[in-house]
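One chain, chain A, links the two complexes that follow: it is found with chain B in the first and with chain C in the second.
And now, the complex of A and B:
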């Protein structure tokens, strides 16, 4: 048993020229697979990463995103007295009304335009989102048309550097600081003062309300909101709101799976070709092994292992090829908020393992028929063959 | 045996290998054209005859901001305007779920003037105009949900704080996207608490020449108001929509190049395998007096033939699948509209196949050229 395996492993190395293209072929398939999936993972993680587990988000009933929600000032006032609302050290309730506005900005390098989410936020709103960190510059001052933007957005869009001014509609906004959302959905946002945003963009109402309450009392809060006729609002945990926004990743996953399937069919054919040729040119060696007393099963397993090793090397190569793209930042359209979402390719260990398993599967399928053929070679005839 | 017959016999001598090579080329080319067709679908919206004369006016801040309805009167008076309709995205849930078909509030009286392509009977149009709670729906959506005339369609507002109960009075077809639902804008205007806002204005110009000045005039007319607008042709509007997809185009193109590269690799290795097997025969041919040029021609013809057969199966299969059947469109649940193969994409795939055939014959040709007859005759494998 041990000999054919060693024989097959060595064969992979000895006939490197003929196997190299197969390895490359499988490697490229795996690379595409890993890249596409890492894109989907990165996108999903940016939504899964967002939100504080103690926070509750309130939106208008029926709305599917903060951008399409409305909360009036009267409603916001009523909400200040909800049961279970936590307070800060000064005794102020931890509740904030945000104003969400979509603005169109130009991408860097003439790459067209995209919608960006502007979040009008209060002091309390900043406090409620500890994930967001000011990394450069300073905080905006209310009333001065100042904004702070995510550094990742600034890398992708024109005129978002600190000190720069950009225009939207008829208004000019000055960037005074950069924030880092630590791979959360806030990495795709521009922040400014909530009331500034309302007056500047002509909004009567706020968009959503974020508050902090003891999770054990969330039911109480929800019941209170639902039972109050003056509050046509719904409550949802902040983390859940964001983690529900992963639908954008579905088409990417679909595309990735489609590509992987189609390309792997091609790769199976290629692997089969190589393995058949490899079996064909070693007919005599196989015959010798059989004469030496090795069983058909051993030959079969040996060739399968050869194919698997071939594919494994290809898979590892593919993962290596995909690796440079890890943490590369990119963006696409989030269907729920209708705005650009910035995220990173994220290659995780389970994904690499999946890629390798995928490669080995391709190798095994590709070498199955050639291996069966090798194990069924008639001994005498194969010894005679040149 | 003729030379053609000789090449053909050689190509299919190892039937299994020829079969596998052709299939792997076919699969790869199929993938290649699918990606290109998909990319075209996403980046080049199908545009119809009327679209060149249509202007879309939206809020300058972004599409997510609304426009005041008073703007209609100003635009209407401009010279060169044939018709103007509000066009407001409703985005309601239907039967409790978010749906792929668009729902738009429009002005039924001018709808036909702005969108001349849609086909519907006159009676249905009349009914749509008369009844403010009426709606018309594209035939594809009707088929998908089994809707017929007289049905009531309940839409639960997500963006608008309003639920609609619309009566289906007309089913249109023949427009570029037979999926959408149109209803009377009065439903939104008369909503309690309405401030009279619309999503976009769609303006039809009288002539194509009037489009460019009209765009300028509309932009200038509102530039210093509280609701500055951006007017652009329908095509420019669609393109700005597409640019929101971000780097998808680059992504798909780079995948395409990876596919092509893999293809070349596989094909080249198959060819060199096939040639290596026959080194001795080629040496004999050389000894018989065949020139290098002729040997090259044999090799080239064989690899070209393999690639061409693969292209025929892959590209032909894809074009049958996309253009003759609606499998892909249906599988995407009408997310994709046309998904059609164009002659251009077919041409691109054929060019790739041709390059493939040529490139993969280079390696074997070189080794044949280098081989000396004696050495070749000695080769056993």
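And now, the complex of A and C:
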């Protein structure tokens, strides 16, 4: 039979002064853990959010990113007649060739420079990405060296305000609108007219082709592309292309887990210290409980519960500490495209639960030995203690 | 309604000690034979108890006296199933407590012995009510039944109005009375106390001893009290003196 839980709770709370540093230590570990994981989750979600399930992306065989792929104009022409290719109201095939260019822009606040993806895109390409919404300003007009940029990117980089111009490769580009990619990978892009982009940046070829076809006919499309010797291209679902880029989050996850694990060792010892002190100051209490008929196991469980309560408070504190960072927008290098990805910290409910479980685990491990000691106290000797 | 011995304590037309011992056929509640407790310290053996034999009848109020180090606490601990002897027998209500396993002993203590300490030993974070309820948590009683028992026990020691108080909000004498309520709340046959008045002023000591005495007289409990105080011994029905681990007469 277990000790009453209010006894455990009050025993922890009554010692709040001496347990404060341990609670804080566990809180810190959990805060770091939650922050790092929310970073990874945010990054993964920006990839997972991107793409229309009906869209197919075509790139040159062997390329892992649009930036390293090339599609010639002749190839693009051949692709207009693929089976299953859908058409819009006017009968135009839903297919678009994009040109990807990496440019360098200055971060705000003298934070150095970073690579940014410019997507040369056609009207059809915009149509194929309904996820992207023009939220301020207007659409670019072909031939006028105008761009629309992600609002999130504008927050982080110089000279991306509407009406502002920025220089790249000796050319001046004017920002005429802001787009919102709704937490997708497009939040990290600058868009301009496809032909403008090719002429401005001296590109003979396109980078990739996006088309819409009924997914049940994707096999046909793929077979056609692969059987045509003039088309050294491969097909991949747009969603899959982006979700594959979650690999960028892997090192963050790893680092987060590593940091949390390393720090939690310290927290375990802090918890152990606190619980040993608690057992030491309550030796006579333990002896009394044993005389009343409580078994060793009840004592053991009681102290484990107290360690868990202590750690739970710390974990809750850690989550609170981490919470302000939720939805904070940040950027990192995408290892596939070598450009900046902008995304948000995302603290999800499962993550908070994980953080609390993590804290309680730290508490349980830390209180194991003190609890064993308490349960093994000899009754007579402990009654004599002060 | 089933009979509730503890409740009966309050309405005291019940069992007189004499009747009780007749019913149980005069068998002593505590039978001690050739009981020894030896502490080995290197080459030297310290006899805390040296072949003690002693019987204690139901309803007796036995006081254990003797100089410091004479083995009073040791004897009390063995009778209460907290300590084990080196040799000899200690039967309580026919059960040889020295033969019980550790967990059997824990259950046995819970059901058969109430222990009162010199230092009260109430749990500081629990109220008077919760402290008294503790031993009952190990029984199968429902929380309603437990509440009734606890209130009865607290009424018996005159502290029902203090049930919500924490130990630090009580005087020493009140703390000890709560501790007595905790000792008798499971309605054990045996109540043992190790210098229960050692930390109390004479008025509080008197109250505490009064309560212990009435437990014998009214409810035929067997009470064993270790004390240094001859005035306390005067409350008892019999006094036993220990000297260097042996009974002195």
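One rule holds in what follows: the second predicted complex is superposed on the first by the 381 of 386 C-alpha atoms of A that agree within 3 Å, B and C clash if a C-alpha of one lies under 4 Å from a C-alpha of the other, contacts with A are read in each partner's own complex, and residues count from 1 in each chain.
As a working rule, a contact is a pair of C-beta atoms (placed from the backbone, for glycine too) under 8 Å apart; a residue touches a chain by one contact, two chains touch by 3 or more.
Here the structure is a predicted model, which means the values were calculated and not measured.
Colleague: Putting chain B and chain C onto chain A via the overlay, clash or fit?
Modeller: With chain A as the common anchor, chain B and chain C both fit in the superposed model.
Colleague: In the superposed arrangement, which partner chain does A:294 touch: chain B (first), chain C (second), both, or neither?
Modeller: Touch partner of A:294: chain C, not chain B.
Colleague: Specify the partner with more touching residues on chain A, choosing between chain B and chain C.
Modeller: With both complexes superposed on chain A, more residues of chain A are touched by B.
Colleague: Is A:338 contacted by the first partner chain B, the second partner chain C, both or neither?
Modeller: In the superposition, A:338 touches chain B alone.
Colleague: Would you sort A:284 into first (chain B), second (chain C), both or neither based on which partner it touches?
Modeller: So A:284 only meets chain C here.
Colleague: In the superposed arrangement, which partner chain does A:11 touch: chain B (first), chain C (second), both, or neither?
Modeller: second
Colleague: With the two structures laid over each other on chain A, which partner does A:43 touch: chain B (first), chain C (second), both, or neither?
Modeller: Touch status of A:43: no partner.
Colleague: Looking at A:67, would you say it contacts chain B, chain C, both, or neither? Reply first, second, both or neither.
Modeller: In the superposed model, A:67 contacts chain B only, not chain C.
Colleague: Could you read off the angle at the CA centre of chain A, spanning the centres of chain B and chain C, to the nearest 10°?
Modeller: 90
Colleague: How far apart, in whole Å, are the nearest Cα atoms of chain B and chain C in the superposition?
Modeller: 14
Colleague: Both chain B and chain C touch chain A; at which residues?
Modeller: Common to the two interfaces on chain A: nothing.
Colleague: Contact residues on chain A for chain C in the complex?
Modeller: That would be residues 1, 3-4, 6-7, 10-11, 14, 284-285, 287-296, 379-380, 383 of chain A.
Colleague: Given the complex with chain B, which residues does chain A contribute to the contact?
Modeller: For this pair, the touching residues of chain A are 18, 20-22, 24-25, 28-29, 31-32, 39, 60, 62-64, 67-68, 70, 101-104, 107, 111-115, 168-170, 201-202, 204, 232, 259, 262-263, 265-267, 269-270, 272-274, 276-277, 281, 330-333, 338-340, 386.
Colleague: Help me check something: in the complex, which residues belonging to chain B touch chain A?
Modeller: These residues of chain B touch chain A: 16-17, 20-21, 23-24, 27-28, 30-31, 34-35, 59-65, 91, 98, 156-159, 161, 163, 195, 223-224, 226-228, 239-240, 242-248, 251, 255, 258-259, 261-263, 265-266, 268-270, 273, 380-381.
Colleague: Quick check on the complex: what are the chain C residues that touch chain A?
Modeller: Contact set of chain C toward chain A: 77, 80, 82-83, 102-103, 106-107, 109-111, 115, 117, 119, 121, 123-126, 130, 134-135, 137-138, 182.
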